[in-house]
Structure formats: structure tokens, C-alpha cells
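Please find the structures below.
Shared chain: chain A. Partners: chain B in the first complex, chain C in the second.
For the complex of A and B:
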């Protein structure tokens, strides 16, 4: 019985970590959807979300609920800036040779990697490489009893925020003109141009939305873990990328399900195995998926030209 | 700024031109694919562009829709310059295309495809969709299905209906008959006459010259990036060169 309660607590912890991976993975998936290119700087958006959140907290001591819209705004701005710097310059070429060229794809890939490294270095320069503590008044570590189970308040906040953001995203994608446009560009960019969609604007919007989710994940984890650093975006970035690939590259529900699966597996693994095994779990799941389900667990066989 | 010319009188409906293309050139890297194409579409007309594979018909259509940039020449739409307008601008101004390869949104529903086609409409989107479903009743049965699951003929109808959703003044059609059974081709070409009668002029690219000349008022023949022949559809259908090259003798 003790074991069961304990196990349940681990599952809940895992789900909250999984939600963070999911918020990240959605951003990856949305951006990959409209561009067919992986955005390597997504982890840095997460870090920026956490640092700007911390700066605002230490400077203004706002109520916690006011931090979220601010971080959303910061995420949107970083997403737009990232698209301008790392992606747009490579979209000037419309002839078939450049569009199909591997070199062009790799150049875009490297440019976002470069932006990611430069951003991290700048943050190291400003904040130093060490962990920065979050003021204790903002920490989300109070235990909350739900029946026999003790859950950190941070987990509950993460669940609630993720649920709201997922709901808002579904509304955006399925109930608004903007969302219809994002889905159209993801499905068929040329087709989108023929119906008169401004694809550049849609791509910018997608970066803004994806980065809003990523930045929010960053500040939530900061408040939950109690410390942030310029490197904090790397690990969740990798996990979210794995979740996207496992989910089939273009499926948001798939990415979310796989992110939750990763979070829970890791959380259980750290409790029963030594913590060094945690990352092994993620990569083993990735390899197993790719070997047995090359289209991902939820893929519909999108072409990956 | 409409240009003077005798050709406009070829159509009985009107002499006003909805589209004028003057000496249009398009380059792709080192290659000049369009080498100075000129043509007119009179308001209310159905105009066909014929030509073998690879002569540049699709390139012309893409340049007109703002997908490709031009390297010379001009297009005038409804009396105003439209040279190199971006694709989203072109649709807003009243020129829509049912492109080669259809380019429908296969993972989205038929309904969503139509809504996307009508996104430039400010109001009456529902009424417009209703009109499209009257014109293409097959689509009504498939409204909630994924567009990718439709048959080839249904996809072509969806593609045309999607373009018409924006209530265009001019509809461009790039090989609507490609890969379709003769019955379906006839059905689609019969609809073109209907569409024209509702106020949409049509510029049609076809390799199926027989079907195209049957509905067209005027036609152009392209070879290697140039217009080499033009005239009323009846004249071209009787022309021995056209008969030999495109109508099987």
C-alpha cells in the first residue's frame, strides 16, 4: 500500500514533467509543421522565459499571475525575432533547385543552432553559468495533500497552466482563421499561397505561438525547481524533440502523448534505478520507436522530403 | 490602362479586358522559361492556352498568381497593374487559381478546404459555400471527410470550388482534365460554361485541346516559352497546324 501511494506520487511528478516537455514539444511540432525544419533554438526560448520571469520577479515583485502574461509576451517576441534572424533569410529562394536542395535545409538548420549557441553565450555573459535561485516567495514547492498523496503545488500549477494552454491552442487551431491558416500552411504551403494566405505572416505567427508555450514552460520549471541557469533549456529541448519524433513529427496529440510518456518513464526510472539511467530511458524509447514505428507512434506518414 | 487591339472583339459578351499580359518573361536560374508571352482575356470570356508538355504553361500560370517572380513584361488585371503582386494580394484582388497538381489540403476536411478558399470574403462565406455545393453536389456528401480521401475527380472539383469560393473575377485553371476519366472531364468542362455565366472569366491551360476548344471563345498556342498562334477557338480548331499537332489530325 505504501508502495502504491509512493508509486502514484512518482507518476504524478512524471506527468508534470511530461507536461513541460509537452509544452515544448508542441512548439517544436508547430514550427516543424510550417517550415519542415527543426528549430534548434527552441530550448533557448525556454531559458529566456525563465530568466525574464526571474528578472521581473526580482525587480518588481509582481503577483505570480501577472508573471505569466509577461512571459507569454516575451516568448512571442523571441519567437518573432528568431524567425527573422535564423529562418526568413533562407526563404527568399523560390526556384525548384534551391527549395529541394539539401544544402539550403542544412543551412537553415545550422543558422538556428548558431542562434541558440550565441543566445546561450550571451546569457552566460550576463548571468554567469551558475544556478540562479528563485526568491522563496515565488517557489512552487509547497506540498499539497490530495487524499493520501502529497503533490507539490508546482505540479498542480503546471497541470493547470498546461491544460489552459492546450485548450487555448486547440481553440486557435480549430476555431479561428489564424489557426486554419497555420494548419493549411503545415499541410500544403503551395496550396496555402494559392488560396491567398500570406505564408510569411503565418510562419511568424506560428513562431510566436510556439515560443509562447516554450517560454511559459521555462518559467514554470524555474519556479518549480527553484533554480535556473543558461543551460536549462538543453535537456528539455532534447526531450521535447524526441517526443515530437516519436509522435510522428506533425501530430500535436502524438507529441503531447509521447511527452507525457517520457516524463512518467523518467520519473519512475529515477526512483527504481539510479538517476544516471534517466536519460537512457528517453533515448531507448526513441530508438525503439524509430525501429518499430518509423512514422512515429502517431504519424500519418507525412512526406519528409 | 487597357491597350488597344482588335482581338477583344472576338468575344460577343464584352470588349473590356479583365487580364492583359504583355511580353512576360520568367527566368529560373540561367534558363529563360517564358520568353515574352502576351495574351488577353476579355471580360466574360473563356480563353484556352494549349501546348505540349514543358512549354511553360504552368510557369505562366504561376507567374500570374504571384507564385513566381517575373523578370520582364507586365500584367494588368482589371485595368490596374498587377505585375509581381504577392500571391495573397492577387487572390484578394479577384484572381484565383485551381493549380496543376490540385494542391488541396489533404489532411483537412472538404469544408475546411472550402473555407480556406473563401478566406478573403468579408461576409456571406456560408452563402458562397452553399452555392459551391449546389454547383458540385458530390462535395456536399463529403463535407466532413478528409480531402485526401476523395477520388481524383472529386479532388479536382474541390480544387475548382475552393478557387471559386473567393468569388474571383478571373479563374485560372491549370490542366483540370489531367488524369480524369472522359465522363468526369466532360462534367467539369460543362461546369465552366455555368461558372462563366455567373460572372467569372476563365483562363484555361490544357493539353486536352479537344475539350478545351469546345468550351473556349479564344485560344493561344504556346511553344518553347512563346505564344506561336492565337485566334478564335473555332478558327484554331479548323487550323491544319493545330489539327495536326494537338487534335490528332
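For the complex of A and C:
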């Protein structure tokens, strides 16, 4: 009885939500990897992606495939801008006392939060606080029949886009010089600097790549749900953050796996519980995971700080 | 090391400022000034203007002073980044509200009970999560905070869910009712000052130094014989106790509470107070709370742009003072100051010492 058609459909819905969380969680993981700081403004990049997509759609009415590169470009620009404003000023202290200082690290975390507040409020001013509808021609909600199951076309688009982006990311990280630099900096920033890697440029690149993934997730969700608002980035941002930590902070496969797990369990939970209790499942999974795996599911053991 | 540079701190004793303005004396003067503002100027302003708006802001500020001072105890002094503090504030508020509306218990019982219930939850949360380090602990507190929020919101039979709890009786002590604006403010202010004083005694002691040791390096502290696990749990329980007290004060002064008062953004606001004021510094936590509550109110005139200005001010204050407005003094700075003071007069007025 459990494996009926409806259940399978819920799993597929969950997987598509999970893919969105995964795209965001990868951005978190990449940025946390190189800087060791949580980027609280990642949810705002997601919102910017959605709103720029909407603006382009209403102004120019381009084909859907043309929207994606544009959103990617906007994501990259906002990532670079974010790094400039919220993170670079705090790297001016290079002495050991500042680098080990907890106050400094928490200050960087809160500076990204302050930037995210300002960004969100500015977007509220421009677009208003209400939900905005996406023109119906672009909605990805047509049902598609695969055998006995009906799937929204948006799910398929999300799967396809995520697969392409994950493949591209894998290529970037493991087959190019830039990717080697990113991996080196996240392994050991000082060591990377000693062997001649331009760490500042690598960090900027990482922000650009991570924010491209986040902005894409934003426009995909906008097209899938049909409505966007300046506050839309908050909930998926927290979920993606949770997925990153469950996966072990530094592991991209771990973050993706946990994001999919969260998406599916949320979607199945709505079948048994009223939607208000849905979030309880996410956070219980998080706490249980951390109690039994204090370094996350795929994390490494603790290094001597 | 440059030893011959004249420096105000290295002046001969005869030129040094009078004792009342240095060290202990200056601290005493500042404390007196703050107490005079809290118990003189603010009540006078409330009575003078009779404005309930002013009284409300003053009460909110006092409640947040308790919250940020207690978060500073666990995050600033003991170094455990907690981003779920508002949940324990909520537990305290709901405990006080339910005990007084359903069981009719008086304030003298609900206030400590709210603190103890929040501390009990803090203890239960701390037991499994204390093995976690750095960001893992932070995320665990985030998760638990959100779980508590979801429960407050959805367990309608017990908490009345999103409708919140109404008609919570005001503060009342042995027949004396705090029903005027002034008496409500004074009751909250006295309790807030008492809480800050207790936290001050806790952190400025050998016990507080042990907490700082585990903030700097818990493995090292462990190897020197400090019971790290136990101290972490204790500091978390103390912080949640005071958060519960703050919650009870909120419930009894506003007469109405709803789950939205205790969301994630509220935890972040408290954290922002502590960081803007200076992580690890108790006066900083107090000043941070004042700053973050009064600033949005002072900017009310610019209306819709208010939150942008608040975010921008927060960003600038972190950018320009990354260690906070009243940063915690460093151990090295303390040693240098002590030596400089000792050496300043040795060579017959010639400045000697560390720069």
C-alpha cells in the first residue's frame, strides 16, 4: 500500500524540492569551504535570481532557455558584489590574533546578515512585499504523464537543470586549474597562498560560482511555484544551510544527498502530518544526525585548530 | 620594541589623571551613571511625558538587556555560538503565561518557575549537543530553536497556537500591583539590573576565567584539568535560565504573547546586539541591546526606509568596529598595562615600558 502511485508522486515532488535545496547547499558548501564563514546572504541571491528572471520575462518575453544564462550572469555579479561588500573588508586583518579571534569570525557572519537585511528591504521597496505572479506562459506546471504517474513539467526541468549544473560543477572542480585552486584554498588557505595561488581571486570565483547555482535555484522555484516575493529566500536558505551541516560542511556529495533527503522527507511528511508540522521533521532529522554523527554524515574528524 | 615613545599611559604618576578617573574608579563612575539613567532619568522622562510609548520602549530595552547579557555569557564568554536563544525566551514566556492564566499562580512563583523551566529545557538540549563543536553546535541550536517554535505554533490545545495567549496578569508582588507605567518599568528595571549583576559576578571571577579558557581552546583547557563538558553545560543552562526570566517579564508586562515573538530572526537580533556591543564584554552586551532597540525607534521618522537604515548602521558598526563598541580587553593588553603602570616611574620621570 505504501508504494502506490500517489506516494511515488510525492517522492518525485520531494526530489525536485530537494534539488533546489541541493543547488543552494552547494553554494553554501563552496563558500564555507574557502572562507570558513557562513554566508547568510545566500538566500538573497536566490531571491535576486527569481526577481531578475521575472523582470526579464515581463520586459522582453524571451524563450525560457535564454532566461537561464541571464540569471546565471546576474547570480555571478551579485556573488562578486556580495564578496566585495560583506566579506573582503574583514580580510584586512591578517595577524594571527585577529584570525583566531572569535569576535572577528562572528562579525563577518553578521556583516553578511546585515547586507542581506539591506538587500531584502531594498527589494521590498522596489517590488512591494506581496507575492508576484509569473506570467502563465512561463509556468512549469503542465502535467506530464510518465507511465501511471503524473509529474509537473517543472520537476523535470528542475531535474535536468540540476543534473547539468552538477555535471558542470564537477568538471570545474576536478578538471580545471580554477577548480584546483578552489579545492586548494578550501583545504588550507595559507598553504594555497604559499604555493602561489591568488587566494583573493579564488575566493571571488567561488562566490561567483556558488551564487550562480543559488540564483538558478531561485528562478526555477519561481517558475515552478508561480509566485515570488522578497521573503522567499529565507526558508530554503535555512534548509540548505541545514543540509550543508548534515552533510559534513566540506563535502559536496554529502550536502546534495542530505538536501535530497530533506526534500523527500518533507514531501512525504505532508502526507501524514498537517503542513504546520512539516518543519519539525527537517529539524528533528538535523538534531538526530548531529547527535549520532557530530561531524555530519560525510564530514572529517576534528582537526587541531 | 620601541621604549622611548611618550605615551599617555606611561606618564609619571604626578601627571596621571586623578584616581577617580582611572581603573576601578572609572568603572565605578560609569556604573553609577548607568544606574542614574536607569533609575533617575528614564523614570523621570516617563512620568514627565506620561507617554506609554516611551515606557514600552524602556521596558523592551530592559528585557533585551537581560537577553543579550545572557547570550553573551554563553556565546561571548564560553564561546558556544547559540542561534536559538529566542526559543528559550519563548519557553519562559509561555511557562509564565500558562502558569498564571491556567493555574492562577502569582508573579513571585511564575518568575523563578519560568527561569527554571527554561533552564531545564536548556539542560536537556545541552546534554546531547555539547559534544558538537563550533558551527555544528550553532546549527543544532538553530534546529532546536525552530523545533520549539513549530511546537509553540502548532500545539494549539496547549499553547493556543498562532492566536497567542491573552490576559496575562501584570506584575504583582505581595499585594503591590505594578499597574502604572512607571511601576511596571521600575519592576522590570530592578530585575534586569539584578540579572546583569549576577552575570557580572559569574563572568568576572575565576569561574569566568575557566569559561574564557574553554572559549579560547577547549582541548587545551581540557588537558589542564578543566571539566570542559560540565562547564559548557553549566554556562548554557545559566544563559537559558536568564532567557526564561526575560520571557516571564515579557509575558507579564505585555499581557499578550504569540509564537512570532520568538522566531529565528529574534535570535539573530539578540546575537547582533552581542556582536555589535562586543563579543565577550558584558557592558558591550548592555550597550548593544540599547543600540539595537533604540535605533529603529529613533529612525521611525524616515518610515519605510527604517529597516534599510538599521541594516546599514549594523553593517557599518561591524565594519568599523569588528570587535564591538566596547570590546573585551585582551589578556596581553592587560599585562602590558599592568607592567607599564608599574614601570612608569622607575627612571625618574623617563617613560619606560611597553608601547
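In this section, the second predicted complex is superposed on the first by the 298 of 305 C-alpha atoms of A that agree within 3 Å, B and C clash if a C-alpha of one lies under 4 Å from a C-alpha of the other, contacts with A are read in each partner's own complex, and residues count from 1 in each chain.
The rule we apply is simple: contacts are C-beta pairs under 8 Å (C-beta built on N, C-alpha and C of every residue); 3 or more make two chains touch, one makes a residue touch a chain.
Note that the structure is predicted; figures quoted are calculated from it, not measured.
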A:121 touches, of chain B and chain C: first, second, both or neither? second
Partner chain in contact with A:195 - chain B first, chain C second, else both or neither: first
Of chain C and chain B, partner touching more chain A residues: C
Chain B versus chain C as contact partner of A:180, first or second or both or neither: first
First, second, both or neither for A:290, with chain B first and chain C second: second
Doubly contacted residues of chain A, that is, touched by chain B and again by chain C: 97
Chain A-facing residues of chain B, complex: 28-29, 65-69, 86-88, 90-92, 96-97, 99, 103-108, 112, 115-117, 119-120, 162-163, 166
Sites on chain A touched by chain C in the complex: 38, 86, 89-90, 93, 97, 101-104, 106-107, 110-111, 113-115, 117-118, 121-122, 125, 238, 241-242, 245, 249, 274, 276-277, 279-280, 282-284, 286-287, 290-291, 294-296, 302, 304-305
Of chain C, residues touching chain A in the complex: 75, 79, 81, 128-129, 131-133, 135-136, 139-140, 142-144, 146-147, 150-151, 153-154, 215, 217, 219, 264, 268, 271-272, 275-276, 278-280, 304-305, 307-308, 310-312, 314-315, 318-319, 322-324, 327-328, 330
Chain B partner contacts - residues on chain A that touch it in the complex: 94-97, 177, 180-181, 183-184, 187-188, 190-199, 300
